[in-house]
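Can you keep this structure in mind? I'll have questions shortly.
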Amino acid sequence: MSRHHTTRFTVEFGDCDPAQIVFYPNYFRWMDAASLHFFRAAGLPPWRELEAETGILGTPIVDATARFLRPASYGDAIDVRTEIVEWRGKSFVLSHIIRRGDDVLVEGREVRVFARRRPDDPARIEAVAVPESIRERCG
Amino acid sequence: MSRHHTTRFTVEFGDCDPAQIVFYPNYFRWMDAASLHFFRAAGLPPWRELEAETGILGTPIVDATARFLRPASYGDAIDVRTEIVEWRGKSFVLSHIIRRGDDVLVEGREVRVFARRRPDDPARIEAVAVPESIRERCG
Amino acid sequence: MSRHHTTRFTVEFGDCDPAQIVFYPNYFRWMDAASLHFFRAAGLPPWRELEAETGILGTPIVDATARFLRPASYGDAIDVRTEIVEWRGKSFVLSHIIRRGDDVLVEGREVRVFARRRPDDPARIEAVAVPESIRERCG
Amino acid sequence: MSRHHTTRFTVEFGDCDPAQIVFYPNYFRWMDAASLHFFRAAGLPPWRELEAETGILGTPIVDATARFLRPASYGDAIDVRTEIVEWRGKSFVLSHIIRRGDDVLVEGREVRVFARRRPDDPARIEAVAVPESIRERCG
């Protein structure tokens, strides 16, 4: 059974475009925020603390995709249900299902890696194998 | 041979996040803008005029995806090279290759439809078969 | 005594800039959203219904200002306390005090008007005297 | 005679709201970007280099204000004309006049300080007196 977390957002007037519906890049903004809330809810400390402990400084994005099934507009409350659906060697896949009530509006996925500074060049970062301790907490 | 159009953007400080690199949803913002610049460059009139002529009021998004290969930061000039790589019955696929100089940063794709108001309910919209006249200009 | 309304927002990673703090235009985004939530809480119907009833289609901005006293960063919950502090002939002044807990972060003000379509040219809008019924509800 | 710099932006579809006009916080986004372009044009190095040289790591915002005179919509090219109109002890005032062609759309002002890390606590920042060398270049 997989751990999941749901983050609620309110669609504001300024999130919508002249077609009166959500300007679609905002869904990725909400998915990005939902990813971070997912990690917090799983018990991971803020990135800054995690870096001190494990060297990991965040989860850079590798790939993002979304299917848009129904539009939303301002005043709508939307729920982003996030879970990790696949662990690969150095990357992992987050699923984000965005609903308004029971209606699915968007099906999104993000592929991310855990990254740390390169020992030979701290100005650059590199992907690391997912630490087992993190994997256990995120399920 | 395919028609293509390149739109240049400058990455601003406010487009970047605490990791010092572009906050990824902004790439979709630039792809959306590049799509519209592509249609203008192909000779399509603004949506408002097109609606009077053909009933078409825009190109809602159906699916969006991006692979992130290299990061960018503020001060960078980036070029989005846009072309239509596939025509389907009622939808079409835009490719957006985002470069900084010769380096490819992001490979994006958007699936869109041409939409008009539903004759039976003007408050709702529906996809229409791509008009041949538009296809010729954008092809 | 003045009616007021408080709207809570969460500062997300993507709301912050490379200096690790909120990119300041986002405070205006939150003030704009707080204005709309203020009007809803005061019992005003959505703009679309209000237009059918009174001809008023929204509250365009005339002037906006903010003093930035303390920074905020991602993970912070912020509260925007909104009230109307002055009624003028055709405009009115909203005060937005943004706090994190007891600390005031930002003191903002917006001057807005109620607008309707011009009878002689519906593509343009004009400010109208504030209807007494709205003024009473927003008091 | 005062040095000034003009930065051009294109208003995109996604910069506009359901009222079909620019969502006003975007004007502050453009002013913030114009400030940075002003400093680059005046010959200041990127903040990172400036910090190594002078300890100054940026120009945090203290106060921002804008008067909105005319709306703009997507497809419009807008020019932000930026200059420093006042030097105070530790702060300075930037004027941003935003035009479309000859029409003034927005009159904006930002008050900023030059900031460095506090010697006693590098995690915090403090305003410093404006260095004469910077003042001369931006004058």
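Just so it is clear, A, B, C and D label the chains in written order, and each chain counts residues from 1 on its own.
Keep in mind that, in the parts below, a contact is a pair of C-beta atoms (placed from the backbone, for glycine too) under 8 Å apart; a residue touches a chain by one contact, two chains touch by 3 or more.
These numbers come from a predicted model, not from an experiment.
For the interfaces B-C and A-B, the C-beta contact count is higher for A-B. When the CA atoms of chain C are superposed on chain D, the rotation angle comes to 180 degrees (nearest 5). Chain A and chain B have Cα centroids lying 23 Å from one another. Note: centroid distance chain B to chain D, computed from Cα atoms, is 30 Å.
A straight line joining the Cα centres of chain B and chain C is 32 Å long. Shown for chain A are the residues in touch with two or more other chains, namely 13-14, 23, 25, 29, 32, 74. Put simply, chain D touches chain B in their complex at residues 10, 12-14, 29, 32-33, 36, 40, 46, 74-75. Contact residues of chain C toward chain B in the complex are 13-14, 16-18, 20, 23, 25, 73-74. Taken together, the chain C residues at the contact with chain D in this complex read 19, 23-26, 28-29, 32, 57-58, 60-68, 71.
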